[in-house]
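Just passing along the structure, written as structure tokens.
Labels run A, B and C following the written order; every chain starts at residue 1.
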Amino acid sequence: MTLETFLQNIANGISLGSLYALIAIGYTMVYGIIRLINFAHADLLMVASYAAFYGILVFALPWWVSFLLAIVITTILGISIEKIAYRPLRDAPRISALISAIGVSFLLENLGIVLLGARPKPFPRPEEVVWNIHLGGISFLSLAIIIPVITLVLLIAVNLIVNKTNVGIAMRAVSRDFETASLMAVDVNKVVVTTFAVGSGLAAVGGIMWSLQYPQIDPLMGVFPGLKCFIAAVMGGIGSVPGAMIGGFILGMGEVMLVGLMPELSGYRDAFAFVVLILILLFKPGGILGEHVVEKV
Amino acid sequence: MFGKKFLTLVAMVMLVAVALVGCGGGEEAKSNNAANNESDVIKIGVYEPLTGINAAGGEMTVEGIKLANKLYPDVLGKKVELVIVDNKSEKQEAANAVERLVNENVDVIIGSYGSSLSMAGGPVAKDAGVPVIGCSPTNPLVTKDNEYYFRVCFIDPFQGTVMAKYAVETLGAKTAAIVQDVQQDYSVGLSKYFVDAFKELTGDENAIVAQVNYNTGDKDFSAQLTEVKAKNPDVIFAPGNFLECGILVEKARELGIDVPILGGDTWEAEEFLNRVGGLKDIYFSTHFTAEEPVTELSSTFLTKFAEEYPDKQVNAFAALGFDSYLLALDAINRAGSTDHDAIRDALAETENFQGATGFITLDENGDANKTAIIKKVADGKFVYETKVEPK
Amino acid sequence: MDSRKGIKTALTIVTLLLAAAVIYFGDSHLSRFQIRILNLAAIFVILGLSLNLVVGFTGMFSLGHSGFMCVGAYTAAILTMSPESKELIYYMEPIVPVLKNIEWPVIPATVMGGVVAAIFGVLVGFPALRLRDDYLAIATLGFAEIIRIIVTNTISITNGALGLKNIPSEKSLWFYWGICILTILILKALINSSWGYAFKAIRDNEIAAEAMGVSVFKHKLLSFTIGAFFAGIAGAMMSFLITSIDPTMFRFLFTFQILLIVVLGGMGSLTGSVIAGVVVTIAMEWLRIVERPMHLFGMDVPGIPGMRMVIFALLLLIIILFYRQGLMGTREFNWDWVLDKLGVAKSKERGVS
């Protein structure tokens, strides 16, 4: 591999990794509090992208207005999903909640197919946001800089919320133990709703950024990024916000480097993420930055 | 003693099931009878992917078929009724769909976009002895060992060779890189024929400097393309779904890869054009062009398509759907009856049939021997480049 | 003990004979389409039962079923295809010589499909079953995807994306429903054996089960492997039904469809899975009418492709939210219940197992 190719791969890894990181932060927030794989999180990416798409192309809104609206819509949807599909099952066996999550995801995807059409749509790229950058022999999109910046800003913001605000303290209490927290006069429902609001907002930002980077949207677009970013969150240590970011970067960089170093194995690329996931789960279930979880009886 | 209850249970469930299926079938038959009074109507079954990964291709094809049905609604003095079923881009659904069509006593079947779906539907039709006309499945295996399957499109060995020839003779390429979708039979099959032909034409065993893979649904191709860029090929051959390829080609140009990029007939879709419309040196093979109407029917098809679907681009899949329908009518006409075997025999004898996509002659496998068109992308449009006659 | 034992035995025998008659009659009188759907139903019943064993009876949330099906389907297909077909179909790379001349009959190949899938079950289960709940779910899902990706890339064994065709076809109801009834018998025996009680103990409370001396890991692995075995059998049957397979058939979304059967029927009820398997398969075909253009109240309603899946997703959600027990909960069908309803007198005991 020449130096130029290597640098190009680093740039590729950063653009992919920062996207994974951005979406993984939302995942880890929600999982950290309610300990449930929110399969529907992946589909929130799709909803946000379509909302932004229709905002720009059908209602001819300026791109930033559409993006903001998309975030609001997705947040509302996220909160509603929690209220309708997850809250009633909070005391039910974990499997029921998981199935409910799968059901919501399944429903959103198929509703998407029926209402929005199965054919993909081209996502508009505002010129103010997306342009090509050539540095010597390497080229990348402006997004390779914008997305890491957004990710960092959101990371800091989320960290502030979790560590410095009252809601954040309540969140941490709830994540430790629902019951005890509620005995300590923490309004569990409020905390969970806040978590979903923040998580869904993050999903919306992630979805829009994903669609800017890969501007072809369809109702099933969320499935793969959703899985990959969940894996990134697990790698980083589920519940740990900086961990999610690190996990995202490692996964993105790893996928790119696998293809770069061993192009003959490029067909196995998607297996890479799963292999890493399984290894992490088996040997360091807490992830890179996660705390060791002791199983409660 | 164990299990008795269960056997009983299964038996009961089966009874209920048989009753259910039976009723369902019964209703179906009744409604059919009510609608057509036995044979007032000629039924053409269509199984196409209307949802799932291949939805776009299925939709385009069905548009063509519906247009043809509108223009030519009768044969043998009877009205033609279309029975369209979705195969969800899934194999077991494709097999069920064909079985369902057989059950509804269709006279001929048309379908399906996607060779693997056609391969699932094929054996069912063969067993039932119902002839099928494939509109766009290009894998050679579709019609092999199946004397009831025909198609109006050319097949991958021809398509791959055409593109290799074009790359070497017209574009002057000495080396090539392959970017293929390992999950798509279409993509790996076409790549193989391209590679074989390319090596032979250049006389260089090492003419393929890079071969990288991706999976259906992938969005990030930067790593694969960086590898290709490092090997500096004269052309890139990247057959695959328009969905992935649109992003792939756009990304290649973003990475500063400016060599010609070649693909296959699946690229002819609005979704692909939306991504690559402003780019240069993108070529693909297809079945049909609006600029060089090959037959009188081509012009008819073009005008009528524009009237029927004013906001849509004319495409090869609609044209192939259109031709499949017309070939079906023609065969029924020549057979003079709706007897399945008579229609099959008529189809097998098809020679110089005039379709919108050209003159179609079916060979001993039931594959169409016809001209391939090469198009390129220019100024946001697909533009006719040249045509290649079959050997 | 049971005063109605005689009646029950008689009823069972009568129903059995009836079942045989139905299959016999069905094979010759039903249309090919109806037989195909019924055969597909048998496959889905087996899939539902085997996933239920893992999820419903042992409490392990596995999403890896599509991977085991894939293994079973490929094993059976490669074992039964004729050498000429292999020559024809493997045109990318020739098939490895060891496999080329094998041509087994359908039944042993089906069993072998199950066995190979079971071996994969052990290989996957050994590491994965140390995990629980959502981690187990995501890890098994990951394994299923890894299996599929390997199958896609090992062209000289599986023919990669091109898939296999010309697999011998098996159409009779006897084959599918015979295996299906056998599966039910075996699983029923298993559930009522000491292994079965151990499975249920683990599901209800793993730590308590361990404390009672149940070897948790061993039983989990056992249940998982048996589940994989039957998933492999179902996969093999699928390849004989469709006669052509490729790796994209076995995406993890397929597992969700099986999960729907398990949830609808009731997690922890074999009876439920049998009913739900049949109902879902038939409903899937029957619901095609919602995707077709219809005349409703004099209006033309255009067909909506994809509507079927929306209905299924809604169904899954509604069941899990409002009728978490599904059709049967953890109950099973038995004659006592029927006799009670019919008002036949009995000595005591009401049978709800």
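Following the convention adopted for this analysis, a contact is a pair of C-beta atoms (placed from the backbone, for glycine too) under 8 Å apart; a residue touches a chain by one contact, two chains touch by 3 or more.
If you're wondering where the values come from, they're calculated on a predicted model, not measured in any experiment.
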Shortest path length from chain A to chain C (each step joins two touching chains): 1
Chain whose Cα centroid lies at the greatest distance from that of chain A: B
For chain B paired with chain C, centre-to-centre distance based on mean C-alpha positions, whole Å: 32
Where chain A and chain B are represented by their mean Cα positions, the distance between them in whole Å: 36
For chain A, residues contacting two or more additional chains: 113, 118, 267, 270
Residues of chain C engaged with two or more neighbouring chains: 149, 152-153, 305-306, 309
Chain B: positions in contact with at least two other chains: 50-51, 55, 182, 213, 215
Touching residues on chain A, where the partner in the complex is chain C: 35-37, 84-85, 88-89, 92, 94-96, 98-100, 102-104, 106-107, 109-111, 113-114, 118, 227, 230-231, 234, 267-268, 270-271, 273-275, 277-278, 281-282, 285, 295, 297
Sites on chain C touched by chain B in the complex: 8-9, 11-12, 15-16, 18-19, 22-23, 26, 30-34, 36-38, 40-41, 88-89, 91-92, 149, 152-153, 160-163, 165-166, 169, 171, 177, 180-181, 184-185, 188-189, 192, 238, 241-249, 270-271, 274-275, 278, 282, 285-286, 288, 291-292, 303, 305-306, 309, 332-335
Touching residues on chain C, where the partner in the complex is chain A: 55, 59, 61, 127-128, 130-135, 137-139, 141-143, 145-146, 149-150, 152-153, 207, 256, 259, 263, 267, 304-307, 309-310, 312-314, 316-317, 320-321, 324
List of chain A residues in touch with chain B within their complex: 1-2, 4-5, 8-9, 12, 15-16, 113, 117-122, 132, 134, 137, 139-141, 210, 213-216, 218, 220, 223-225, 255-260, 263-264, 266-267, 269-270
Contacting residues of chain B [partner chain C, same complex]: 2-18, 20-22, 24-25, 50-51, 55, 84-86, 90-92, 95-96, 99-100, 102-103, 116, 119-120, 122-124, 127-128, 139-141, 144-145, 181-185, 187-189, 192, 213, 215-216
